[in-house]
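What follows is a pair of complexes built around chain A, which joins chain B in one and chain C in the other.
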Partner chain A sequence: MSTKSAALRLEGLYKQYGKSAAVQDVSLSIEPGSMVALLGPSGCGKTTCLRMVAGLVEPTAGAIVLDGADITRVPVHKRNVGMLFQNYALFPQLTVAENVAFGLKMRRMAKAEIAKRIAKALQMVQLHSFSDRYPSQLSGGQQQRVALARALVIEPDLLLLDEPLGALDKGLRESMQVELRLLQRKLGITTIMVTHDQDEALTMADQVIVMRDGRIEQGGTPKVIYQKPNSQFVATFLGASNLFHCQMDAAGPNILRSGPFRFTVDGAVPLTANPVICLRPESISIAAASAMNAEGPNRASATIEQVIYRGPVMHYHMKLETGQPLVAYEQVRPLHGSRAIEVGDAVVAHWEPSSNHILPG
Partner chain B sequence: MLVLLLPMTLFLLLFFLLPAINLLGYSIQTQNAQGIIGAPLTLAHFAKFFTVDLYLRVLWNTLRISFWTCIYTALLAYPVAIAIVSARPTLSRVISLIVIAPLVVSVVVRAYGWQLILMAGPGGALNWLLLSIGVISEPLSLLYTPTAVVIGQVHVNLPMMVLPLAAAIGKIDPNLRDAARTLGAPWWEVFLRVTLPLSMPGLVAGVIIVFSLTAGAFVTPVVLGGPSALMLGNLIEQQIFTVFDWPFGAVISFILIFIVILLNTTLIRFVESRKFRRAQA
Partner chain C sequence: MSLNLDRFRQWFLAVFVGGVLIFVMAPLFVTLAMSFSDSYFVAFPPQGLTIRWYQQILTDRYFLSALALSGYLAFGSTICALLIGIPAAMALARGRFPGRTILQGIILSPLIFPELVAGLALMQVLSAAGMVDARLNLLIGYTLVAAPYVVRAVTTSLLLVDANLEDAARTLGANRFVTFWKVTLPQIAPGVAAGAVFAFMISFDNLPMALWLADSRYSPVPLMLMRQLNSVFDPSIPAMSTVIIILALSGALVVERLVGMRRAASLQP
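Entry: the complex of A and B
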């Protein structure tokens, strides 16, 4: 299957439903062959964005530009996009082969050519022996593969995924994530995925676009989005965060204070009104209170409230002297022996200055 | 569970099944000069029906009118049913109400209403309208034709088609239509390949109701059809109340019931066929 990689640009997309705006001023540039995830809670406008790209929803304002051509007013059936739906949306009255053939028939392709392409597409998703089955005779994972074959067989310019793996159970979902990503890379097809699952977005996408209330909150590579969130919303939506509301400290330009705690940052603190320190749980280390002094910046004494064993990681839920909660993750290293940190222990939590990420208040 | 069905079963047994069997029994008995019906048993009444031209013409009329009524009702009902399903809840309720509203007016009243509209000459409302906007130059003679009966029956039966269709279309996952559109299907292909096949149970239910009611229609053909659009129901009435030939009336009833049951069982078997059911699952 050959697909050309198309570049997609969204320019100031708006979608108004009555008085409320579902999508506001969404602008986005997608590199040919890359995979972009629109991530956000339900109602953030991510699905409306995807449906506008598909042509299923007409934008109130703005433009959709595919390889330099404005396709904003091109009707859906002339757009040449492949789309995957959360509930697979296979035609129940058609067999697997007939489902895959649907788009080719719409393109008035010759019968022999259709048969050849169906075989190839089903081979690609390893379902060639299922071509005469009906969708109701397949498992959820198999149905989604058929839907994938049906979407890709038309050699679309874009692949659009609407919560494609949401209906699968966890194990299958994770293996499908990897498989889908490999296939997408191999075909080099420009892809947009909508998801509310942060792990899925981080696993699969080149670029993650976090949306909230119809607007883009932040866009960037998974690493940037996770490590350098630019708002408290992004910091808490992607992974767990410990947040500290701070004031500037008189002691120096690179020191912030939150109650009894002090945070130092590399370089000067950017001038924000009420800076918030975001501290990821995995950047916090724990030492026994007897082994470390709690004085000094980037340290806090705490009491262990809960210890959770999560296989590869331990989660420590602590209470600081101010009553604030603090969460730390620690890699489990079986060869190093297990540490005896137990509920009720007095500990000192400490971290590197580079872990202090400053957010606007 | 079965106890719940007992009252209805008794009612149908006493007031429907027994009289029906009794009437059908007449169809193979002989009526003597005194009007007493009894032995000997005979198939002569059936032979009469299938050898006399007039009766076969009436049978053909009945089938034709019922067939076209089903076709036109379905054609009118599909867009309405789709609108009911895709409209916002308030609008959808308003449309449903408008569809059902004519049911509060008696069939007789509606048939006479159509008579005023379809009347021949420039006095008929339809002729007046078409003549004055210049669509036709000579008045049409629609009244007292099979077409008039079809028009009347379509009007009477529309809700019976719209409601099961809307129920069936409402069950179709809207993503299926979107999937078809993204795969390159224009709206009419979406209808033919997704909406139509998947709403088949609703269409079959509608056709069964509309065909049964039309095949047994009595009032509409009397008021709008006249002698040229006589239907089996009118023939039965003539035999029973005018000619007093109960055995022959029973024959016609038997044939009418047979046609309706044959059509219904065929259609139901189609909907319940294995392949079709699996596809719906």
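Entry: the complex of A and C
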């Protein structure tokens, strides 16, 4: 299946429903062949954005530009987009093969050509032996693969995914994430995916767009979004974060103070009114109180409140002397023996200055 | 203990359903029985056994033409009710306009339709418009009575159809009409069939509209029957009723087949 990679640009998209705005001023540029994830809490306007790109929802204002052509007013059935829905949306009265043929029939393709393409598309999703079944006779994962074949067989300019794996269980979801991403890369099809699962967004996307209340909060590569969030909202939405509200410290331009704790940063602190330090749990190390002095910056003495074994990772929930909670993750390394950190232990949490990420307050 | 309770429940259910069935069906059987009575007046239990009343009515020109008129009106108004009712249901279930939910609520609730009053109003409008063809007027009246049943049945089944199916079809290149024809209609076929059967039955034996809109040349069966009742009350009346019951039932079956309840039901193995 050959697909040409298309560049997509959203320019100041708005969608108004009555008095409330579902999407406000969304501008976005998507490289040909890349995968963008729209990530955000429920009701933040992800689906509305995606449906505007598909042509299923008409924008109140703004433009959608595909390969330089303004398609904002092009009706959905002429846009040549492939779309996946959370509930698969397979036509229940049609067989797997007939479902896949639907878009080709709409394009008035010759019968022989249709048969050839169906076979190829079903081969691609490893369902060639299921062509005569009805959707109700397939598992959820198989149904979504049929939907994927149905969407890709028309060789769309864009692939739009609205929480495509949301209804699958965890293991299957993770393997489908990988499978979907491999296929997307191989075909080089420009893709937008909607999800509220930050792991999924980080796993699959070249670019993650974090949305909040209809607006884009931050966009960037998964690494940037995760390591350099530019707001507390993004920091907390992308997984647990320890946040400290700080003041500048008289001792130096690169030192911040939050109660008894001091944080040093590489270089001078950027001037923000009420800086907040964001500290990812995996960047915190734990030492026994007897083995390390709690004095000094980037250290804090704490008491272990809870230890959670999560397979590859240990989660330590601690309480600082100020009463604040602190969470640390530690890789489990079976070959290194297990550490005897238990509930009630007095410990010292410490971290590198480079882990101190400053957010505006 | 629980077994006993289950037993009791089953027993109770059987008696209850049986009772309801008898209550509903008894008049039909009484009518059937009386139509074979060999007497000059309607009698129950029937006296003797004869089919002469059937011989009489099946050669009765008035009865046969009334029957033909009723059949034509029922089929015609069912088709019109479908043509009006399905788009209306689509608008109610899928459209976005102010007051949609209120309108949906009104139409979906079992509304009281004062047909006698509506018939009078319709007659006045039609005569003011100079429309004098009783057949056409009856068709309009019956369509008016039947359409809400179609709207209700179709709207209810539309609300159960996943709108994403329609969206998926549209992204695959189907315009709105093709989407309706290929995706929506197969999904709502049972609702359409139910609405059509209702519409047919309602039109076939509607009296209130006929009272206002029929004339002496074109009287549908219920009106003709009522006129007959006022003059003679011999077993030809139950005989006619029996013929009507059988025709209405078979008409409903034909409509159901035509609209495809069976097909829809057998789609998924």
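Following the convention adopted for this analysis, the second predicted complex is superposed on the first by the 361 of 361 C-alpha atoms of A that agree within 3 Å, B and C clash if a C-alpha of one lies under 4 Å from a C-alpha of the other, contacts with A are read in each partner's own complex, and residues count from 1 in each chain.
Criterion: contacts are C-beta pairs under 8 Å (C-beta built on N, C-alpha and C of every residue); 3 or more make two chains touch, one makes a residue touch a chain.
These figures come from a predicted structure and were not determined experimentally.
Q: Put the two structures on top of each other at chain A: do chain B and chain C fit, or clash?
A: Aligned on chain A, chain C clashes with chain B.
Q: Could you tell me if A:Leu159 is touching chain B, chain C, both of them or neither one (first, second, both, neither)?
A: neither
Q: Could you say whether A:Cys278 touches chain B, chain C, both of them, or neither, answering first, second, both or neither?
A: neither
Q: Check whether A:Ile64 is in contact with chain B, with chain C, with both or with neither, and answer first, second, both or neither.
A: A:Ile64: touches no partner chain.
Q: Need the overlap of the two footprints on chain A, from chain B and from chain C, as residue ranges.
A: Residues common to the chain A contacts of chain C and of chain B are 54-56, 75-83, 85, 87, 89-93, 102-103, 106-107, 134, 136, 147, 150-151, 154, 160, listed in rising order.
Q: For a test of understanding, state which residues of chain A touch chain B in their complex under the given definition.
A: For chain A paired with chain B, touching residues are 54-56, 75-83, 85, 87, 89-94, 102-103, 106-107, 134, 136-137, 147, 150-151, 154, 160.
Q: Give every residue of chain A touching chain C within the complex, in rising order.
A: 51, 54-56, 75-83, 85, 87, 89-93, 102-103, 106-107, 134, 136, 147, 150-151, 154, 160
Q: Across the complex, what residues on chain B touch chain A?
A: Answer in residue numbers: 173, 175-176, 178-186, 189, 193-194, 197-198, 276, 278-281.
Q: List the residues on chain C that touch chain A in their complex, please.
A: Touch list, chain C to chain A: 162, 164-165, 167-175, 178, 182-183, 186-187, 264, 267-269.
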